[in-house]
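Two complexes follow with chain A in common, the first pairing it with chain B and the second with chain C.
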Partner chain A sequence: MLEEKASSTPKPREITTRPRVSDKIFRAVIFTGALSSLVILAAIAIFLGARGFEILAREGLSFITGYEWYSSINADGTSGDDPSVYGIGAMLIGTIVIAFIAIAIGVPISIAAALYLNFYAPNIIRGFLVGVIDLMAAFPSILFGLWGFNILMPSGEYWAKLLHKYLGWIPLFDVSTPFFSRSPFIAGLVLSIMIIPIVTSIAREVFSQTPLDRIQAAYALGATKWTMIRAVVLPFGYSGVVGGAMLGLGRAMGETVAVFTVLNIVFQANFQILLGAGGNVASMIILKFGEASAEEIKALMAAGLMLFLLTLIVNMLADLLVSRTVKQGR
Partner chain B sequence: MTDNVKPSSLASVAAGNANRAPGKNALGTGLEARKVHAWFGKNHVLSDISLDFAAGTVTALIGPSGCGKSTFIRTLNRMHEFIPTAAMAGEVLLDGKDIYAPGIDVTKIRLKIGMVFQKPNPFPSMTIGENVLSGLRLAQLKRSDKDQLMEECLVRAGLWNEVKDRLDAHGGSLSGGQQQRLCIARSLAVNPQVLLMDEPCSALDPGSTLRIEETIRELSETMTIIIVTHNMQQAARISDYTAFFLADGHPGVMVETGPTSEIFSNPKDKRTENYVTGRFG
Partner chain C sequence: MSTNTIATPKPKKPWRPTPKALIPTYLGILATILGTWILIEFTGLAGKLGAFASAVFLTTLISSLIAGLQRGKQAAKNAAVAAIITSGALVAVFPVVSILGTVIARGVKGIYLGFFTTDMGLASVNDPLNVGGILHAIVGTALMIVIATLVSVPLGISTAIYLTEIKGPGTRLIRFLIQAMSGVPSIVAGLFIYSALISGSGRGFNGLFGAFALAILMLPTVARTAEEVLLLIAQDLREAGLALGATQWRTVAMVVVPAAKSGLITAVILGVARIAGETAPLLFTTGGGDVTNLNPVDGVMGSIPFAIWKALISGSEESNARAWASILVLLVLVMVLFFSARRLGKVRR
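For the complex of A and B:
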């Protein structure tokens, strides 16, 4: 008998818990909240897709690879002779180029600001600066656009000329005609200032979570502040800062008004970032929307869908990047 | 135990170390605390501590929780000042020079006076090997024989045999006891004269504790060690000198100090006797 008992290993028991009613209600409420963001996102995608489908189906792949945007139907319903062509390739390229310029300028400044605020600033200055940065985050983008157009552009042009003069041998900084104002570089500069607050405040939050025992361990080994930051704080904060940069990138790609104000929107793929020609999808939509015919509006909806997908893809790539590269740094 | 000492096992354990000579190869001439006081804000937590730590000796700081032992040990390598509102008075002399003197480079002080913390805290973003050598990077020291140094430090910390085949693994993959020995190895790599240990075994199992105690005994040949411990058996096993701290509703004071065998067998102060015989604390 005893042997028999020992040899028959029992099956694992199924463990269940019956939640209380109050738990169930709470669960339902928060689930609705979680679901609503997904539903809204899906509704937007479906709306844009449904409205833009006709144009997407007609243009096919050339909608995202073509550089020409020509509507033969005028707003008053009269039709031109040539058929309409809708291609947003140049604008997609412009969106990515401008957003990356913004990231390349904004993220290093944000990281430096966050490190200063967390580890170097005296208490009084810290409180004041944090307030200023939060205020900056809430600033309307049209004000950035106006300021960029009136104030930043002249000095930005000067820097652009310097870059061209000394680094012009790099294709990125070359220009085919010396026209430096209203360039993607200037637009990226304005955008970088717009994303600095959000990226700074996320980086600051992440850096401040660095475990104290690791910081102390570094100091106990004779670290200076800078070597401690490099060995402990930056590895710990890496993934959080990348996440913050991605939020900034998302904002930079979707930004409409500031780019529209500053940039000279031209339908051509322009990798010469200092040249005054470019565009992004969002500012193109606002440029065309006012006097668009019914057909062109459908095309603009399709362009919106592409922007939506681009943002989605970039965010997914960022998640992938973070999960791949996060070692045991945390 | 035929003489008139207290028939406690701690006393007999401590008697085993009584005649150990200080490590002859120890660097420097030791550490001296002169009339050290410490405050957190307006809270006076430590009052008038004067203690000498001769080169090559092991000194245990014992006493109930909250008596200021950890605060005291942190004043010895200027880690105390990292806590906002922390203040101190008095002097700490390393080789006769005040480490709080104006113009002293505090990072150099911490290179000479290393520290091992209560909770093992290897750098998780670094491999085991990188952890051992992290002090070189942090203090911006140049060494050409890094592999040799790494091996030497791990051997001295008693960890080499367990990790020599996986130096590229992350520090977090080790057990708690191994992590603590890794932290000791890390401290050794910058070649300190003095090693401060703040309850280094309190989070470890008895086996790991024993390994670390062996390590401490071996290290005391070449350096001065000051260890905070709540484990009186440990104090009796490994230390040459013991100082008993107490904060009885007042700022912490040092009640008594002396050779460990004396403190455990023949304490002069009644409070010390009560503590080491387990009547309170």
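For the complex of A and C:
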């Protein structure tokens, strides 16, 4: 009887973590799809690099440092007398100058908005404002361009004149000729508005990760709201906000259409931000693309590659900073 | 008899300031309004902006003065900072109000019925407003959005599934790359498609290439939102599926994805909203035709952003009005997408 029962015991089942065939196929398919981001980013670098290689090799370092952009080959294929020169130095400087103006104006406003949303706003207003700011992030850039050109530029010019009148003794706000329209300052102003949603939402997320016990400890020690923010929230969120600002910087550097509509592109290094002459790599590419010869197109590809690498580096650094802070709070 | 006369005590709110305590606040508001009026009337400040600036300045000053007199220096600082932060939030929202107001006010002038049923094939940009429309642009934008969605949604969602379900080798790298990809400037996507598919190949501009460029921009938005949504699905559901003996792919296909359905649709809608108004990549890939073109693989194709761009560049009064009307259409499209995504997202939570 006992022996009979023992013989009817089923054989021990083999327990394994080896996936079934269907799972293997599933994982392979999903993995292939997941590789798309890697493939696309690599392809962008390879194709732009390959097309622009000829110009990059010929110009060498002066492609980045040179201020001159002159194509001797006309669109109809005839060649001029002088050799072509391609340098995006002025445009790179302009891109960075405009992006920093955008950061200087946009980031303080975003931090104030994020602090208000997290610590000051009543619940009803908070939900409404978050919706409005998210909606702003969904606005297409051409909308900001059109609005910036028609609405913001006239008042921007007025503010530029005021700045020049009262702060003109600072070299940054001086102008060599009184021409205030379509200046880097106005382009930066438009960009500052465009980066407010992204910087605000990141700052808000970072601030909301502040450990509650530290906030309450500050209040228990008799802190006012502001001293609590200064002693707890700002130190905690510092690197995350810096990362958010850098994300905004990356956006501002790559923005094309909105800048093109409000900026007068001139190939010179201009640090007088109120003067109506500036540069921006992305807008320059659009400006030159229309009538470009085959050779100039290659130069534009090389310029696109520079822009791609610049924004990629800025974005990666920003991402590292943000994810570190957010993780730290969890 | 006396059973009904038990007095229910009225709820009291002892933390509420008494009317007497509110007097300084009311006086402060009055002083701010008066002060703003005086500043505008008697100094160089002018316009709405001047009024706003002086109101902010005076609110900060007076509120901190009141708090300081009542409760000391720290309270004064606190009140000043609160006023500044609140005005900062107001400044952040102000552009949205201005943009919506301007676009609606200027856009409706150019809208008439034929605007949606005719294209610009027989009209020039300088023609009066009742000639021509943006049918070609609406058709082109719709076609390109459909193609871009077909390309990017499978890739984006499989990326998200890889990051949340499989978590195989390279998970961190792929998450990092998706993040980096969302910052790729839109113009670079256009240049890339131009350099890879158009330049030197003898092929011309067409809608398909435009859709490819848009797909590159849409992919990270879809992948990131879908990842967040899948992370919200309770781990219990996955374990229940596996405990019932399902393989991983059955668990994902029959349990996880259906549970996250509305969230995944939100991800797709947000992706579409991201690309609906993209202009720069289309300038390098589509050619921006004026005639309604239903064939995405042959011939130039118009789109709403490109139509706005053309009208903006030509600069005449009629074309400007047309640009505003087109941007109103684009704005309505983006807002419909945005609010439907939010609605779906709310249902989920």
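Definition applied: the second predicted complex is superposed on the first by the 275 of 330 C-alpha atoms of A that agree within 3 Å, B and C clash if a C-alpha of one lies under 4 Å from a C-alpha of the other, contacts with A are read in each partner's own complex, and residues count from 1 in each chain.
Everything below uses one rule, namely that contacts are C-beta pairs under 8 Å (C-beta built on N, C-alpha and C of every residue); 3 or more make two chains touch, one makes a residue touch a chain.
Owing to the predicted nature of the structure, the values given are computational and were not obtained by experimental measurement.
When the shared chain is aligned, chain C comes close enough to touch A:Ile196, but chain B does not. Once the two complexes are overlaid on the shared chain, A:Ile96 sits clear of chain B and of chain C alike. Of the two partner chains, neither chain B nor chain C is touched by A:Val85. Legend: residue contacts after superposition of the two complexes on their common chain; A:Arg214 is shown touching chain B, with no touch to chain C. Touch criterion met: A:Leu146 reaches chain C, while chain B stays clear of it. Once the two complexes are overlaid on the shared chain, A:Leu321 sits clear of chain B and of chain C alike. By the touch criterion defined above, A:Phe236 reaches chain B but does not reach chain C. Shared-chain residue A:Thr227: touches chain B and chain C both.
Note on chain A: of its two partners chain C and chain B, the one contacting more of its residues is C.
Under the contact criterion defined above, the residues of chain A that touch both chain B in one complex and chain C in the other are 224, 227. Interface residues of chain A, counted against chain B in their complex, comprise 211, 213-214, 216-224, 227-228, 231-232, 235-236, 327-330. Chain A meets chain C in the complex at residues 19-20, 22-23, 25-27, 29-38, 40-41, 43-44, 47-48, 50-51, 108-113, 115-117, 120-121, 129, 131-136, 138-147, 149-151, 155, 193, 196, 200, 224-227, 229, 247, 250-251, 253-257, 261, 282, 285-286, 289, 294, 297, 300-301, 304, 307-308, 311-312, 314-316, 318-319. Only residues 77, 79, 82, 107-108, 110-111, 114-115, 117, 119, 121, 123-126, 134-135, 137-140, 170, 172, 183, 186-187, 190 of chain B touch chain A when the two sit together in their complex. Residues 49, 74-75, 77-78, 81-82, 84-89, 91-93, 95-96, 98-99, 102-103, 154-155, 157-159, 161-163, 165-166, 168, 170, 173-174, 176-189, 191-192, 195-196, 199-200, 216, 219-220, 223, 247-250, 252, 273-274, 276-280, 283-284, 305, 308-309, 312, 323-324, 327, 330-331, 334-335, 337-338, 342 of chain C touch chain A in their complex.
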